Amino acid sequence: MEQHANGEISSEEALGQIRLLSCRTLGDMAKLDTKRMDRIGIPEAILAEGKDKDDLAEIAMAHLEETGSVIITRISAEQLGVLNDIKLPEGCILSHNPRARTVVLRTAERAVGRGRVGILSAGTADIPAAEEAKVVASEMGCQVISEYDVGVAGIHRLFPCLEKMMDVDAMVVAAGREGTLPAVVAGIVDAPVIGLPVSSGYGVGGNGVAALMSMLQSCSVLTVVNIDAGFTAGAFAAKIAMRKPI
Amino acid sequence: MEQHANGEISSEEALGQIRLLSCRTLGDMAKLDTKRMDRIGIPEAILAEGKDKDDLAEIAMAHLEETGSVIITRISAEQLGVLNDIKLPEGCILSHNPRARTVVLRTAERAVGRGRVGILSAGTADIPAAEEAKVVASEMGCQVISEYDVGVAGIHRLFPCLEKMMDVDAMVVAAGREGTLPAVVAGIVDAPVIGLPVSSGYGVGGNGVAALMSMLQSCSVLTVVNIDAGFTAGAFAAKIAMRKPI
Amino acid sequence: MEQHANGEISSEEALGQIRLLSCRTLGDMAKLDTKRMDRIGIPEAILAEGKDKDDLAEIAMAHLEETGSVIITRISAEQLGVLNDIKLPEGCILSHNPRARTVVLRTAERAVGRGRVGILSAGTADIPAAEEAKVVASEMGCQVISEYDVGVAGIHRLFPCLEKMMDVDAMVVAAGREGTLPAVVAGIVDAPVIGLPVSSGYGVGGNGVAALMSMLQSCSVLTVVNIDAGFTAGAFAAKIAMRKPI
Amino acid sequence: MEQHANGEISSEEALGQIRLLSCRTLGDMAKLDTKRMDRIGIPEAILAEGKDKDDLAEIAMAHLEETGSVIITRISAEQLGVLNDIKLPEGCILSHNPRARTVVLRTAERAVGRGRVGILSAGTADIPAAEEAKVVASEMGCQVISEYDVGVAGIHRLFPCLEKMMDVDAMVVAAGREGTLPAVVAGIVDAPVIGLPVSSGYGVGGNGVAALMSMLQSCSVLTVVNIDAGFTAGAFAAKIAMRKPI
Amino acid sequence: MEQHANGEISSEEALGQIRLLSCRTLGDMAKLDTKRMDRIGIPEAILAEGKDKDDLAEIAMAHLEETGSVIITRISAEQLGVLNDIKLPEGCILSHNPRARTVVLRTAERAVGRGRVGILSAGTADIPAAEEAKVVASEMGCQVISEYDVGVAGIHRLFPCLEKMMDVDAMVVAAGREGTLPAVVAGIVDAPVIGLPVSSGYGVGGNGVAALMSMLQSCSVLTVVNIDAGFTAGAFAAKIAMRKPI
Amino acid sequence: MEQHANGEISSEEALGQIRLLSCRTLGDMAKLDTKRMDRIGIPEAILAEGKDKDDLAEIAMAHLEETGSVIITRISAEQLGVLNDIKLPEGCILSHNPRARTVVLRTAERAVGRGRVGILSAGTADIPAAEEAKVVASEMGCQVISEYDVGVAGIHRLFPCLEKMMDVDAMVVAAGREGTLPAVVAGIVDAPVIGLPVSSGYGVGGNGVAALMSMLQSCSVLTVVNIDAGFTAGAFAAKIAMRKPI
Amino acid sequence: MEQHANGEISSEEALGQIRLLSCRTLGDMAKLDTKRMDRIGIPEAILAEGKDKDDLAEIAMAHLEETGSVIITRISAEQLGVLNDIKLPEGCILSHNPRARTVVLRTAERAVGRGRVGILSAGTADIPAAEEAKVVASEMGCQVISEYDVGVAGIHRLFPCLEKMMDVDAMVVAAGREGTLPAVVAGIVDAPVIGLPVSSGYGVGGNGVAALMSMLQSCSVLTVVNIDAGFTAGAFAAKIAMRKPI
Amino acid sequence: MEQHANGEISSEEALGQIRLLSCRTLGDMAKLDTKRMDRIGIPEAILAEGKDKDDLAEIAMAHLEETGSVIITRISAEQLGVLNDIKLPEGCILSHNPRARTVVLRTAERAVGRGRVGILSAGTADIPAAEEAKVVASEMGCQVISEYDVGVAGIHRLFPCLEKMMDVDAMVVAAGREGTLPAVVAGIVDAPVIGLPVSSGYGVGGNGVAALMSMLQSCSVLTVVNIDAGFTAGAFAAKIAMRKPI
């Protein structure tokens, strides 16, 4: 890259980074980022919460047509009903995970599996967020090993579960209330650990706030996502796992 | 107690509870609650922080004269200097614990030892609060066993320490940052566990806030005191331990 | 315990602490900590809130089978309906406390009564949390004495109630809004006092926040649990009371 | 007042309210509200904190000249030094209250005494705010009765103090940390009670936050001012007391 | 009062203050503070919100029987239905104010009118809180003058309203959102002003939080109550107004 | 303006500013500020949220009669139903924008168009707030250019949209969640940029809080309105645009 | 711009917007955005706070060399000392405003004056922020009219000041504590009003928090900047004012 | 692993995970986790802040002796002085990075380089946190490419920098104030992006709070660490990079 004598840099080259970028406009409602998978390796996903059920279906179909698959998160029963009623494209498979509240639509082949992701949850209430992470990591082609309800109130439940995850490439650890499990796990295992706080608990620090703060304060080395952000945690873990050469 | 036909109760008897109560007035500055030890079993203590150094000395001497001992917490170097310079009563012993930032003045015999209190700290930064708890529990006549720097980032350090505390009557567990240790311990030991959050850590949840919230959200059964409230934690643990018959 | 010359300690002995630990796996939903009572003296309890009504019943039955009793807290009418409809094991007794929103299922004998717990509430709105504490302390074998609606706005109501609790081993004091009562009581009585803030009140400091903060700031010696955490407060008080030799 | 047929009102009369209003401009620094005492019965006061020491002196002298007296709050040692050094007008009296951190300058006669104000503080740390309230209420011509260090941790200290205040027209009750005292007092006495939270206490709810919240949540009828706002509390109490006919 | 040579004070006299105190016990649900009106001049009031509709009716009837009147605040349609259906005592009048969401039950004569209270609201949304204040002040025997929707966005609306309130003894000024009106009014009028923040507004500072904070920060002299605490504001204003000799 | 020798200023002239001010009183419910448009250039608007549907209609009709138009924001389906059912004045046009949740009633001509306003939204969830801004700016006579769903997660979508807005006089940029878009735009374009945070997103910083804070912290020069305050953002942008001479 | 048949847009044109952009690199410390003035009309400014005094001088000199002027905000005495000591370029003028804590260095001519900006402050403590706004607006070529200490506690002081600002193009209104003044002004004047909250006040809502929230909640139409962000407020006002054709 | 017929699992195997664990006890001050590098791949690090300077040196020497290297973060000038004065072991190299406020002591060879980490900072104030990340990633054997001051206020500076980091294995993006940069970068690059919020900015959302919240709310896929937690961000990035086979 050319660098001017006075330290200035031209930015003609900046175009290189964004030349692949394109989008598809749906009325005055949405501009689909259809090359995201190529650019940054994250599949298309739609947050269903707060969207009109017909708008949701229209956006989902457009994504499906463009890229061959789409993940819908936090889908309601009513929104699911619309998807079940519309005519899907030839060969399209709809997979609904009720605990994760996700739907995956897919016409293309799923990516060839690469890398392994481990997912733990501290309690029963943390399972929906953990399952959301599992869905996206699986869609990104990773093998996922999961164990639920292994929190620190009875820490002996943890060790046998960790044994099954000795060789994972990345771990997602979901925990609500006090949010302790990720720090304990990150002090034991070698794989990078992503803390996923969950909106459980009442009173001060409830709804996942104490869990998030506790993970941010962890003496162990871990990174965190926002409360209930299972999609982000799963996608990030899969990005790490997928870096492993096949 | 008499109960009126219409459900009313007279409160003449209410005086019974408060007849022991008396206080000593120091100018227009303080009213000393000199019978607290008799009434609720907690020794006299003065929070030095924010007090004029001469006022502090005057109040301390008055307490000492009334009850034979006094605990001063969060004492500064300057305040300590005044205490070191004044003429103490005959037979008075001054004990300074620099890590706890406490001074104990005592002319009377210390209470006969009863009960055992265990004190753990998660990190090095938690030692001052833990030591403050230790000072007060010791003053109340308990035997104190303490182990420091046994946090969950390397949880293997915890088990040998717990072994030494198998038969304590109550435990104080001090922890800053993520504040995880009390919940782990309360899931393992039989003695009542008091969580003592410590004002360490920076960023969101720092200064003990995440630690306190995490302890409040604990799935394990424990109670908490405020951040850095070593005196309260130690006194409460000692109250439990002292209930054991001699 | 062996201690290496260089200060290192082996952790072979650590196994001692956790050898009793075992759990029972229910599908990929829950891992029951079935030896908790033996280990730390706290009975099995299930937070019903947020659980599917059939999952709740399944987990409850498994706990009942393992340990002979189970406490269910924050149960909804619908969840209660399922429990009322299923066939309980031979000799099982179902006790529903509507104010506490608890159900206790029991086939085994309740523990022999040891220790006395006093429970006060400041207002009418605090009764549910106080009753939850009462249920668990009773289940743990304690004798419970309770008095409700004795808050400081008319402080004369307090003294006759305290007289009835002169010889308790521990007290739970529930209070919402300004949360003042625990501090007043802890300044009068000899037994350890546990503050139980309650989610009443509106505006700034409402939903129990002012009550919790006020208790944390108390000049009197007391420990606290989170807002509405009646189970924790009652179990902790019972742990103290049960230490009394029979 | 004229009212238009269509419900409109002219606002010509609005001028009546503000005709008395005038101010004196000091450079581009301040516009003195010199008729405040006539308009709303509150004397001139200057918050010294954050002001340049020479600007402070200039503003104080201008107020003194206009109205015959001025109250300066939160004055620093350095600012006091300037005031002590300048030449005061003939007959001017400077009264410094070190605990309240106030200075009163006065050339005019103080108002004829009307009404009685009672001031209580819960602890020693609350005395500065309580004294600030006392200074302003005294300047407004009220008789002030004060008692300090009568907090609820030893509630028996309260009753004898209240006896001395049986006939006050208004009360200011200062309290830090848990801020309980105003609610207790307002449940006992007949006079209007103003809660004055004080910035003591550390940890969650510290610096007066729990005290303020607790007072706002009080079941008793009381109003509050902001943390450490002794001036406002004292002036408000005096306004009530001064309504009593002479 | 006797004062011991060593500064101790006996507390025998403390009984004087509380001898009038009595209460009536309703099952294990409530302890009615039936002499509150005599003691502190505030009438009986019941917060309906969160109470069972039959419990509410029972408590209301008991208060009515004891004292001849009772105020119920924040009553729901369903709770009102129960009160409308039960047989009221001979001569009892039920007054329902739907905007204030209050019901007053009364068999005794209302107190002889003394004093005048002015009530302003900044916006339409502030009327319910203002009306609650009006109901209680009226019940306490005050004459109430009210004007609504006079906020600072069109400040010219304020002046004619203030003219009507020239001779009130105390003012309640209700305001939501930015909560500006009380400070403006307190800078103009001579009567003590009580700020009543209202839970309107969305976004940061919404639900009355900005209004409360703004009133606490006011440069003008005013005191505040919690958000939506119309009862407290009205009762406090009436306490001031009632001090005027008849 | 006359200025007194001693620096005092009379305020007789102050009347000049407020002489135009008048209002229309609707019962004891509202005081309409009917000359607002003349005074400050902002049209009449009514926040429907929280208002009784019949009161809303009455206030709207009164505004319409006074000024020839009125904007109603955050209208519910039920409130809309009442407006659709009542008989509108001769020549009145009702325009309902369902995405913006606004209704405009108009009998007068709309102002002659002056100035251009650009409106961007970062995501689909931000469209309602953006549309509310669009409605008010259009009603104030501006030409509005809008583009939606151009957020930074795929920043390439932004540039073509900006090209269409090269010559606008002011921009409103709506963004929820991380709220990044306004800062990016304000670093690129010459027109004044108003950040409009939107209540999307869950977890810590959700409901628009992170968006608002992020905009307040922006290194770029922009001003902000509260979360979801589309009316304010649109009206402010239009005020800027309308300053352009015709 | 080309638009693909399927709604996709190429982003080749996106380069147009950023072709002017260039920067100058100073070691590994800073990348100067030297064309900002051309691009968005805001002059170069450096926040001195937190910068090493020598780094600050180096960055300032580089900006000065590139663009002919630079504004330094929040400069400390020590940093100012360095600037005073270094050799400035030929013809460079250094203007220090101690109340604003700014330094302006200038070798080029200042822009030709266009537009008028009015600046008000509510209190004396708000002057530094107001002066910072004044410095930047003046540097951008605007005529600035300012009046300080005109807050609502004595609202009569406001009207004469507003008269002097009848024809300004934009107003900045600075206020701390309750932050009321901007809403009052925006309800009176025609020019766009920017609220500038100031970090004064103590207790809850102190340090400008209540002021900011109150401005965000304003019923009047105004936009806000962050607490003490005088530079942003002044630059934004000047951007509006500069749009007036010369 | 053996699994009991009733679903119970023994935990004998649990010992496997923790057999490597050992620690070295330093008085009653610290328990060094000396096998952390072997266990989880993170080198020894000591947070200097808040530690006594002699204690710090003692702990550092012990770590160095055990593992051959140690990283000290947030070291003060005084603490550095002690380290400079003590006699280091034969062959020990001390590397001080003043911008990062780190010291590295090393006697062993540094790990063989594996993987590449990219580090960006948005502004000059973010450099210390970014440098702390750089130090730890370098110590863990990674090649680090860094570029500073490329924030979104002039987004054209970003693209040339990203070009230099096309093939990194993980990225750390540091940003204070609005914290926008990580989301923009994560929308462009393929490598996993870790957001590192920095404690810059004043007012609401200052000290890194807005930056952290904004990163948590990001629509792009990224994970975050706490404010200023450069060590954690760098170590986590290096853990990802080191997974690449050599």
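Note that the chains take the letters A, B, C, D, E, F, G and H in the order they are written out, and that residue 1 is the start of every chain.
Criterion: a residue touches a chain if its C-beta (ideal position, glycine included) is under 8 Å from a C-beta of that chain, and two chains touch if they have at least 3 such contacts.
All values reported here derive from a predicted model rather than from experimental measurement.
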| item | value |
| --- | --- |
| Contact-graph separation of subunit F and subunit H, given in steps at minimum | 1 |
| Subunit C against subunit B, contact positions shared by both copies (same if over half, else different) | same |
| Chain pair showing more contacts of the two, A-H and D-G | A-H |
| Remotest chain, subunit A as reference, centres from CA atoms | D |
| Where subunit A and subunit G are represented by their mean Cα positions, the distance between them in whole Å | 41 |
| Subunit E-subunit G separation of Cα centroids, rounded to whole Å | 46 |
| Distance between the centres, which are taken as Cα means, of subunit C and subunit A, whole angstrom | 37 |
| Residues of subunit A touching at least two other chains | 9, 11, 14, 18, 21-23, 153-156, 186-188, 203-206, 209, 212, 216-217, 220, 226, 229 |
| Footprint of subunit B on subunit D - complex, ascending | 124-125, 127, 146, 148-150, 153-157, 200, 202-206 |
| Residues on subunit C engaged by subunit D in the complex (per definition of touch) | 123, 151-155, 177-180, 183-184, 186-188, 201, 203-206, 209-220 |
| Sites on subunit A touched by subunit F in the complex | 18, 21-23, 28-31, 33, 36, 50-51, 55, 197, 199, 208-209, 212, 226-229 |
| Subunit B-facing residues of subunit C, complex | 1, 9, 11, 13-14, 16-18, 39-42, 156, 158-160, 162-163, 169, 186-192, 194, 212, 216-217, 220-226, 229, 232-233, 235-236, 239-240, 243-245 |
